[in-house]
Amino acid sequence: MTAMTTVSATASAVATRKKRTRSVAFHVLVLAVAAVILYPGLWMVMSSFKPSSDIVGNVNLWPETWTLHNYVSAFGGIGGVSFWTFVLNSLILAVGSVVGIVLSATVSAYAFARISFPGRGVYFAIMIGTMLLPFHVVIIPQYILFNSLGMVNTFLPLLAPKFLATEAFFVFLMVQFLRGLPRELDEAARIDGCGHWGIFRLVLLPLMRPAVITSSIFAFIWSWNDFLGPLLYLKRPDTYPLPIALRLYVDQTSVSDYGAQMAMAVLALVPVLLFFVVFQRYLVDGVATQGLKG
Amino acid sequence: MSATTTERGGPAGSGVRGTATSSSPARGGAGKPSHSRADTRAGYAFLSPWLLGFGLLTAGPMLMSLYLAFTDYNLFRAPEFVGIENFTALFADTRFLKSAQVTAIYVFIGVPVKLASALAVALLLNAKHRGQGAYRSMFYAPSLIGASVSVAIVWRAMFIDDGVADQVQQFFGLPGGGWVGNPDMTMPMMILLAVWQFGAPMVIFLAGLKQIPAELHEAAAVDGAGPVRRFVSVTVPMLSPVLFFNLLLETIGAFQVFSSAFIISGGTGGPADSTLFYTFYLYIKGFTEFRMGYASAMAWVLVLVVGIITAVLFRTSRAWVHYTGDVR
Amino acid sequence: MVRTRTTARTAAVPITALAVATALTLSACGGGTTASAEAAPVDTDRDIELSLVWWGDDDRASRYEEAVTLFEEKYPNIDVQTQFQAWDDYWTARSTEAAGQTLPDVFQMDLAYIHQYASNNQLLDLSSQMGVNLETGEYDETLLGSGSVNGGQYGIPTSTNTLGMIHHDDLLDELGMEPPKEGLTWDEYDAWIREVSEAGADQDPKVYGGTDYTGTLWLFIQWLLQQGKTAFAEDGTPAFEKSDLVAWVERTQPLRDEGAFYPVERTKQVEPLTGLQVNEAVTELTWDNMTAGYAANAGSDNVSLLPVPTGAEGSQQFWKPSMLLSSSATTQEPDAAAALIDFLVNDPEVGKIFGTSKGVPAVPGQKDAMEVAEGSVDDTIVTYEEDVAERVTADTPIPVEGYGVVEVEFKRLGEELAYGNINAEEFADQWFQSAESNLGGQ
């Protein structure tokens, strides 16, 4: 008896040690990969605090001399347009996009998932198809259309599509989510006398909150980072959102003023990073589990 | 209708359902195809924004761009019909061919490398250790910001002469020199940028891996299968719907890369057109030179190519994608 | 059957939308209306709003704001709304506005584009304003003529420019070398570059004699003029042969092969600056008004100007208006717009504000008003233009339609050449291809 317990005790001790070594090895490996992956981001942030001359060849993250001068330059804006104007423009576009997308995607998803009507199958197939379509096949005619309506140089060409559910991705996301909600809820509401609008507004929409939140976050971030749209439609510096302002900034500052460029790049990403830190669970869970239910 | 659901580019994904085989919305328990008038009215009412958007901003423009592809149009004067001249000019245009080549390299090398990295890290993270959530988020973060202007600027700053990349190279005894000014190194630099954003597909792979029932692995191990054999015979087939989904998504996304190339090359297409991606050249032709007929022709060629590739992916998927519904 | 009915109905919606979209857009294509041309002295009692747009950087923006403030003091009833873009975006924006008939009341115009805009009836013919709201008495005839297309006056030049060789004297001192002698030939210049690059090879960073000038269309044109050839024909197509272009490219090939030019890899790295501005190249052939900016970026006032290399028949240099001011054909306020243009080109205070940042002012009154410190960069440019005046014997080459696009193409091909991707024949072939599709309007 004792011999066996000793053997098994030793065996389990060995096993625990093996497990711990494996655990350590795991963490070391993952941290190594993570370090490489996160390096560019950290480099960007740290460089923004270094004087420009120290940035380019400097592999070291930690600044030898800390300076806030870069941020002062960045906040100075460009050509008389203040930095905060750019932030405001980005904000208007992003919030507008979120509102438009939530409104139009929820409503469309409800139609696809919960109402039976002729042509639904065809439309659904078409909607899926638009997700596979390279966007560039429509940019020229859209531009011509908005130009003839006199909407170029306004935010309208960037916001209107969001209100018309052109981002099929979000519609699809919500359809998938709705499919997970039991039809009995609809039935119950119908018995209580609700029509479609009532079912939608009072029963399903509140339950769609996770999908709405996930969508809002992505919609906000995508709009915040959007470059091609604003590039095409916004021509006046005082209407530029941050990505375009950033580009103008880079074009203007002499090539050696990397410090200011880094500072502005960091500032442009702050909201995205904030969102990420606060909502990371929604984002990552949304990505991972949305469609992989049971 | 194909058996899998798909979606357009972006970091998030509604993954493929393991068990679903139809992509049309659930017909619910009833399944009776009766359409009441009230339902029809409601349906169209709820769908009206989408219908309007589709007609005005997608279908209409698509038809218009098809028309424009056969014209010469510079926004100043009315479109002038030129037949297939744009298309013949395209294939004689060295810059067009270069842009097609650049994009092809990016797609056919970049996407597999990115997915392989995503899968590798997902496998790594799949073991039961603490801190998973944190690590997952850490790897995911770059995908959120990767396509932004800020990152493009940083990337450029890191890969110039005497930049960070240069220093690292020299440290390892490799020949120095920046990547940005060297037409041979700009594509590797862009691919690195793409691979850096592996976090999004990785998260999806991870979720897919977690769905594989442990019993399958145990059963295979009991049968004497080593880790490699298990990977090939259990993991890959079980993961194949997710793999297919990621492959489709990333490929279509890779064809549309634009802002990073634009910023890194300063709006020119890089030294000697080495970063002249297809969509970039389309933009230049359409919005800098205002040859909109020509650019429309380019757009339709892109649609065709992407369509063909998508169709091929779907067709071949039947050979290697297993849905759990079938396996049991 | 329900199915067929719904299919038809399904199709109806998008098709209607399409019809609407197409109708709207096609109605907007094509030419536009022009403002009536009766000029009257500008109103001073009612409120007028003008839009003013330019290309440039922060520095130019602040100068314009100053000038605008002065203008608004003179005309308290006029409010000027300003806007600017970087060069690339500038023309994209103008094209869009042109298509939508909404070009600004006053905006900067370039020789490369004036023909295109004027022949498409996008610009206001200022001839009727001359003598009323717009004084052009002090202008040199040929200079004013550069803004004239098909008999109408569509742009007023603000300042003059001519080609020159900027040389960085600090670097020369470091290397212990002499600047090139004035009036040297192209071959002599090439030889000089070689010498300097050899001397500078030991420096860290390496210093080169000059930047590869093959990819600059204006320099090629200068070289053509020196051979007694013309650049463009009346109809806007090239008046020279492919063999001319091949000769131009081939003559500098030895320098590229030897690595005597500032390397193209470095050029790409330091964009938008150039080799001279980062203190790595000693000379550069470019427009004289760039000198101020170059000196500022190089961090040294010790840069000077020499004429460009000469040909067998002399320099044949020409004046080019560095930029012009134009007005939209559809402006609601032609009189006020003309008054603003008049103010910007004639007022001495404005001359002081801008200095030589746009080039040497075209109007002598502005030129004299500039506060030019002796030995300053401004002084260098002004003196240069005075000195070189006798070498300026050629007429300004006709501004042809589509020039802007083929100029860019020329530069791009120069880059491909520098990377060794194409040879002289291919350069000429591809450029002529581009010229064919872009030049010689309809």
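Order as written gives the chain letters A, B and C; numbering starts at 1 within each chain.
Everything that follows uses one rule, which is that contacts are C-beta pairs under 8 Å (C-beta built on N, C-alpha and C of every residue); 3 or more make two chains touch, one makes a residue touch a chain.
Values in this document were obtained by computation on a predicted structure and should not be read as measured data.
> Using the touch rule from the top, work out which pair, A-C or A-B, shares more C-beta pairs.
Most C-beta pairs in contact, of the two: A-B.
> Hey, which chain ends up farthest from chain A, C-alpha centres compared?
C
> From the C-alpha centre of chain A to that of chain C, how far is it in Å?
41
> Please report how many Å separate the Cα centroid of chain A from that of chain B, as a whole number.
Centres of chain A and chain B (C-alpha means) sit 16 Å apart.
> Among all residues of chain C, which ones touch two or more of the remaining chains?
Within chain C, the residues that touch at least two other chains are 2, 21, 25, 92, 96, 99, 269, 271-272.
> Quick check on chain A: which residues sit in contact with 2+ other chains?
118, 123, 141, 144-145, 147, 251
> Quick one: which residues in chain B touch 2 or more of the other chains?
35, 51-52, 54, 56, 60-61, 64, 75, 160, 266, 287
> In the complex formed with chain A, which residues of chain C make contact?
Residue list for chain C touching chain A: 2-3, 5-7, 9-10, 21, 24-25, 27-28, 57-58, 61-62, 65, 83-86, 89, 92-93, 96, 99-100, 102, 269-273, 278, 297.
> Name, in rising order, each residue of chain A that touches chain B in their complex.
Chain A residues touching chain B: 23, 26-27, 29-30, 33-34, 37-38, 40-41, 43-44, 47, 55-59, 103-104, 107-108, 110-113, 115-118, 120-121, 123-128, 130-145, 147, 160-161, 163-166, 168-169, 171-173, 175-176, 179, 183, 195-197, 200, 214, 218, 221-222, 225, 227-228, 232, 242-243, 246-247, 250-251, 258, 261-262, 265-266, 268-269, 272-273, 276, 280-281, 283-284, 286-294.
> Quick check: in the complex, which residue numbers of chain A touch chain C?
So the residues of chain A in touch with chain C come to 78-80, 118-119, 122-123, 141, 144-145, 147-150, 152, 235-237, 248, 251-252, 254-256.
> Residues of chain B touching chain A in their complex?
So the residues of chain B touching chain A come out as 1, 5-8, 10-19, 23-29, 33-35, 38-40, 42-44, 46-47, 49-54, 56-58, 60-62, 64-65, 68, 75, 121, 124-125, 127, 129, 131, 133, 135-142, 144-145, 147-151, 153-155, 157-158, 160, 162-164, 166-168, 196, 200, 203-204, 206-208, 211, 252, 255-256, 258-259, 262-263, 266, 279, 282-283, 286-287, 292, 295-296, 299-300, 302-303, 306-307, 310.
> Using the touch definition up top, name the residues of chain B that touch chain C in the complex.
35, 51-52, 54-56, 59-61, 63-64, 75-79, 89, 94, 160-161, 177-178, 180-183, 266-268, 271-273, 287-290
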